[in-house]
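The same chain A turns up in both complexes below, where it pairs with chain B and then with chain C.
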Partner chain A sequence: MAEDQTGPATASELPPDTIAAVDGAGPSRHVPAEPPRPSVGLPLRQQLKHQPAAPQARVHDITEKFTKASSALNVGQLVKDEFFTLFESIGALEIMDPKMDSGFLQPGEALEDACDTVAPLLPEELIGILDQLLCYEMAWHTGYPLSQTLFTSVYIDRLLWPEPRTLEQAQFYRGPIPDERRPGLMLEVLRSYCLALVKCCDFVIAKITGRDYFEEEDFCTHTYSRVLFTQMPMDVFQRELDAAIERLQDGTEMEIDPTVRDAIIARLNFRKDFLSALDLECSLDFIDRYWPPVIANLDPINTTHQLGKAVPGAFSFKIQRRLASTVPPRPTVELDFSDAFSKLKQLCTDGEEAVRVMSLDPDPLEYQSFLWAFASRKPTPLPYSRSYLCTLLFQESSVSIPLSDLKSLVFPCSTILDPSNWALSPPRNPMMPKPHRLRLAHLIDEFVERAGQAYLDFWTALGQNRCRLRRMLNHVIIGWDQLQHDAGFVDDDLMRVVGEMGIQDQVIPFPLTTWTYHKKLWMIEKIVLLGFEQDIYLPDEYAGMYLFLSSVSRRRNALLQTVLDHFHDRRSALLHSDAHADAQEVQDGAQYITSLLHEASGIRDLSLALSGFYTTLLYLRLIPRPTRPFSTPQLRDELRMKPFLTLTPQEMFPFPDLQAQILPYGAYDAPDSRLWEDLRGEEYWRDIEGHIKGAKEAFAQVKKLGAKAARAGGVEGAWGKEVQGVLASCVALGVEVAGVRRAVGWGEGGEGEVRTKVKVEIPGEGGRYSGGWVVGRVGRL
Partner chain B sequence: MENAEATAWLSQFVGKNLRIHTSDERVFGGQMKCTDKDRNIILALAYEYRAPPEDVIRKAVEDSGNPSAPVTWSSRYVGLVVVPGGHIKKIEFEENGTGKSGIIL
Partner chain C sequence: MSGANNSTDPAADELQYVQYEAAKEETYLPAIRQLISKDLSEPYSIYVYRYFLYQWGDLCYMALDPTNSSLIGVVVSKLEPHRSGTFRGYIAMLAVQESHRGRGIATKLVCMAIDAMAARDADEIVLETEVTNTASLKLYERLGFLRSKKLHRYYLNGNTAFRLVLYLKEGTALKRPDAEMGPVGDYQGLGMPQTQESV
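Our next item is the complex of A and B:
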């Protein structure tokens, strides 16, 4: 809505003098009586509608009486709206305060920087401006608002304001212009580039806001009521670019150095391809053809950047004063060209990678692995890339996603998911019992529908950056916990039908609960591992958190063991009945379960080993323990376990149990005498080393089974790297444990002496083989 | 004016549209939310209006030959603002079209 336009229309409709004539009160010269319409913040891509003119307002001058009345108030007395709170008032911008009021002018200061947008430009200056625009565009992509980036361009401002009705009107000047002042070739080129750039922004905003979930904190979609050519189709922008390229290539209008000319053309070509790649309606059949040409255009831009000449006057901080803005004035965001360029490159390669999702096997587990790998990319994909991937992903909905996930985990070649179940029709007589298979189909439908939202939430979380992924999973597991509860009821019904059909031996007990619980446990593991990756936990909490992780994966492991047994039973049963094709399918399915099983036992063993390692370090006092005068261990434990407190079954250790496990020898400051006996003995270390060995073997098995078995075939490279990283962590832990053990041998006189010999360093994220597996480095002093 | 009377009179304008002219020749139009002894006024959903620079006005007058030629003020949404009493030059009350606001001026 054109809420902040008091364009000529309004002004001519209501000349100020008429207002005065109507009410006879003090005239309000020049101020159009347009009632403010509170519409800022609404999606700005809405259709522009003209609202019916409001009835004419009458204006009364109340200055004198108001002044008198307010001076009669007591000190500290407020006359206010009863719902208006102090908290709200803090957010008010103070007018005439230079720090708060973006419209404030210093004495003698002009509202705008004088910049003649139709003054001729040199080709080198054009390159300078184009590259600077690119820097601002990328700064915007990384989360800064348009007002501090692209909207500081006086050229873009001229194109967008006053709002043009047609593309023809979007010029660097408005109204008639003498022929000798008409913009030359360079300005026309700049105009075509700017138009396409603005359209790119429009596409980006539409794509990001089109997702179910996005955060303004990552990306600012505010357009300050400027309309970014939302209504205009993409091809007109491409035609403008084509025309510009043609005129440059023609070369008769202006003498330009060929290298400079080629540099400009490269930028225009890039913009053209980039615009097509961002197009909201780009064809899915050729989706893999959009990004490669964009990427091919990048290098010529980078190598010719130095040809450009900066034009500082083309950008002005003061444009903010004219933008609808409820925030204080903020400085322009300066991003170096090299940084901007690497962001751009990242955006393009992430786009190219995201497109690969279309070529994956249509299997939700493959998609899940892809999402996970995409979120793990370094550097973290930009918000646009994530929205781009999710848009592609959620278009694919021909397969019922929870259904095929269910099939992979708990229903190998099962009667329950036999498609013919859905083909049966209910008996004509409603009093007659429905066929068993139809009842199965209904129960599964009921569950799949119920699971839909939880599944969508899970994927939405996977589509976020890693930090938010961890936080969102904390909420997602609550939904899955509820789902698990509900699954129990459906399972009861399902088992009853199965019992009536006499096929109990073909179905794993409580299949839906098993499936839901497995997913939930997987998420809890990821939450804890992401917590380590993001340094949420302090080193003295590592022992407890890894212990918790091991208990979660122990449960997952047990669950998977029953599933695998079921797969084996099914296979032998099928072989008995000579259903060899089905038996083969079950066996293939069992690969996935085996891979999961090994992974779970690897996580269990490695985290157990790490827990033991860190407990030892705590007793040796090689890990700093900050003094925390205002909390108790129990409260801290409760805080860490907060996301898991409400889960059923209970996943966390009761506090006394936890204490018993991480403090086996009493307080770290005053351990009992058995500690040193044990530390010098074999058995203590044999335990830890046994776990490391177990973990190493388990992950080696996972690796051997391969990405395909883990249903990560589409991201084999990333998956392999992740597994390799964990394996390397196992090896590193073995080395460090040996180091501690040696140090204990030297420390004849107790932990004090050990501390004089060795120190422990906790590696930062870059220094780890795998983000979630923190292996402290033991070094000699 | 007595305190009670003043409070009652001012309270009438809470939630009503005011236009506040500031010392730097801008005008803020919005809903009054709060005021105090120093005549500081908080406006919600406010717009800022600003006259065009002098040379633009002069040009408009010259071009049309009409000394009261209309010119376009620029306006923008600024949301919740507090206008300090010291910078207020004029306060206007904007009555809605029906004229039945029941406010005692």
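Our next item is the complex of A and C:
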């Protein structure tokens, strides 16, 4: 019945004023009360402050008009304007549907669960409630909305609604209360904890929304018109907790088992320290002192969890019905205490780790390594932790980030970046030419300013969840591609000035282009490796994608070779002119270039070896190839190369070239006869094995040069593990290639015979030494 | 292009495959809703179904039991210009009765939808499916779809999705939006929760 009546009609068919009077929201039934996703960059806190008061509702009966209007339509007919999208249709609710209509009550059902929030609690029940609150808090941190987690607490609901004007008003009751009903000690303790917990949520939301870019997809900032004590300073919450701890320690009000009392105090202490650590204004000078006390408080909570007694009535699914939301109530999210506790522990240790960014050498490359290592931590850091790190990092950037990066890659001890260039004044007479060095300074300033946004985008991407990191890099490289184009013009000007100064041989040709291009190629490599890590590619695409990766890293390798040659030239020249200190500086700087060079050649060789390995497996038909009746190799190649199609220079292989390389013997199911000749020969395998050997040697060099040379000194442990993982992948590939080779040699038959003897398994991410390097396992049948 | 329709499974061929008709909403829609919502934790409102069926009923195909015309399987899709500049098909829902799964019925329904969209000049077809839904991934990947993106916590239940894409025409990747259209987001416009469940 409900369907027939509400279905075909929309507001536009009815006199607009009728509807407007009913819901006060203007002439559309589907306008959500609040935008479901607050726009990026507008912190929710600001939105809350400007919330207009709800217009006074007037009630008009429109049943008759509505029925008459809808009778003019066919069943199923949808009347909508162009702004009614799928999104709106999903947001629409059906009145009188028990699952969607939050006002729909089953016969005899009450709108709210009855809960006496001033009824006395046992100390054990208090522990039970506190631990359950912690579970919901962590569920919220992992991405579920407050409505399905903390806002199911009847106590928090009482504190926040109706909105209290002062902290004093935020009680488990409102208005006057007889003395004998006044909350006792346990409830007062619970209140102090809940107040601080809510303030923690306020800090968390503010930190996450304070970033220029954050993701609603993995963290939900919605507060359903509840104000989380946004305007109240932190110390009042600390005082409430202190008072509660004091009353517990005093011990005269209530007899409590000392173990239980200590367990409660541990929870209050934790909350107090946690609140300090989350404080938006915590002092940067003492930033390393916030997390250790929080972490020290964790174990006492975990070990006393079993003292608690669950109080199911302290939480109600039905509270959602009263929250301002466009979606129907959803099930409460239940996270086990052990899972919640490990999330909490992770949050704290990630916070402690993030703080280390403040002690790094002020070097953008060290920051970059730190960001990368942080994003690679397992389990993956929670959204709050990522925002926390980025907030620290971005407020610390007093050094010119791009400038310092440029110096490391292309301007070793260079006149171009000599600080004295910036000290020169322009000539008084504007008709006179500017000094050369001043022109250099201006050109560099121009470029650095231009590069700022691209650099920021790059770092922002590094601060995202791993899936989004990959997707964002696809866009970031487009920005860097444009930057590279612009760099070409600045390079021309730069080289002209350098030519006039007669110091061409001190400067690498096209320095800014080189720097930009290098960064872009590095990102393309990461995009492909992340694609493997996230199982974006299907096994029969591996040969082509690793081939593409090898081609990108080959270019980066060649670029780096030119850079290294320049470093060597500079050093020789400086030694020649007895500038020994400068020569040493250049030599030290060359370590970084050397490390990069080996890394690039390692990636090139390993991906080439993997491409050969998977091509072989395709010919042996050990890798499944879907039939794909609706697709062609060319269309799939276009889809795969979409992020790179517009780049200059062109990075992708023209389609025929790609085909020639991954199909060297013709079609996989009908190879020409040379295949078996080659497979049974030496040379075929020598190539693949040669690449593996090359990769192994290259990564061994990277390892030997060390984390400092790679500008990852701040994350030596994580960096070392990553390099070790790639080395282990090289070794594993060697073993698997040998396995295939053996299988080929076993009989005289073709691929059919090989397939009866061996099979190939593609390990999932957990079964790899390194997420981006997928080494198929060859096993005997 | 219809090679995949030649299923050898007799069970898939014995069924009756028909295009949805708006005039028969009262006959078909309750069954479609029931079939789709069986695997959903939260039901779609009738507007979601009507949003698709009223505008793109001809891209909805049903598999019916010829003996009693009961609904065995259904695919629901749309096709419209996308902000990226392409004419984009979207497979929103696909479901087959549990007792009839594994017989190629879903594949056949999807093939019919793809054929219909290709005939109407679609550049590409996209959809999302949970990363753990192996059956669904296999089905689409056999037909030619590739994974283009992984979407962290895409669904309301917190699960992660793959975006799958099938290009039907060359040059699709280079199509650009009209100037007045906004930027292309990963999560906007689409966002069907849990729709590729039951195949």
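Everything below uses one rule, namely that the second predicted complex is superposed on the first by the 692 of 781 C-alpha atoms of A that agree within 3 Å, B and C clash if a C-alpha of one lies under 4 Å from a C-alpha of the other, contacts with A are read in each partner's own complex, and residues count from 1 in each chain.
Keep in mind that, in the parts below, a residue touches a chain if its C-beta (ideal position, glycine included) is under 8 Å from a C-beta of that chain, and two chains touch if they have at least 3 such contacts.
Predicted model, so just to flag it, every value in this text is computed and none were measured.
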Check your understanding: Regarding the shared-chain residue A:Gln169, is it in contact with chain B (first), chain C (second), both, or neither?
Key -> neither
Review point. If you count the residues of chain A that each partner touches, which comes out higher, chain B or chain C?
Key: B
Check your understanding: Touching A:Gly103, do we find chain B (first), chain C (second), both, or neither?
Key -> first
Check your understanding: Looking at the overlay, what does A:Leu78 touch: chain B (first), chain C (second), both, or neither?
Key -> both
Review point. So, A:Ala92: does it touch chain B (first), chain C (second), both, or neither?
Key: both
Review point. In the superposed arrangement, does A:Gln650 touch chain B (first), chain C (second), both or neither?
Key: neither
Review point. Where does A:Lys68 make contact in the superposed view: on chain B (first), on chain C (second), on both, or on neither?
Key: first
Exercise for review: Give one of first, second, both or neither to describe whether A:Ser577 is in contact with chain B, with chain C, with both, or with none.
Suggested key: neither
**Study point:** Partner chain in contact with A:Ala324 - chain B first, chain C second, else both or neither
**Key:** first
Review point. When the two structures are overlaid on chain A, which partner does A:Arg466 contact: first (chain B), second (chain C), both, or neither?
Key: second
Check your understanding: What residues on chain A does chain C touch that chain B touches too?
Key -> 3, 7, 74-78, 84, 89, 92-94
Review point. Tell me, which parts of chain B touch chain A in their complex?
Key: 1-3, 5-7, 9-11, 13-15, 17, 19, 22-24, 26-31, 33-39, 42, 44-51, 53, 68, 70-85, 87-99, 105
Check your understanding: If you look only at chain A, which of its residues touch chain C in the complex?
Key -> 3, 7, 74-78, 84-87, 89-90, 92-94, 97, 99-100, 142-144, 215, 217-218, 328, 330-331, 465-468, 470-471, 534-538, 541, 626-631, 634-636, 638-642, 645-646
Practice item. Spell out the part of chain A that touches chain B in their complex, as residue ranges. Key: 3-8, 11-12, 15-17, 23, 25-26, 28, 30-36, 38, 40, 54-63, 65-81, 84, 88-89, 91-96, 101-105, 110-111, 225, 322-326
Practice item. Report the residues of chain C in contact with chain A in the complex, numbered from low to high. Key: 1-4, 22, 25-26, 29, 41-48, 50-51, 53-55, 78, 92, 111, 114, 118, 131, 141-154, 156, 158, 160, 162, 165-174, 186-193
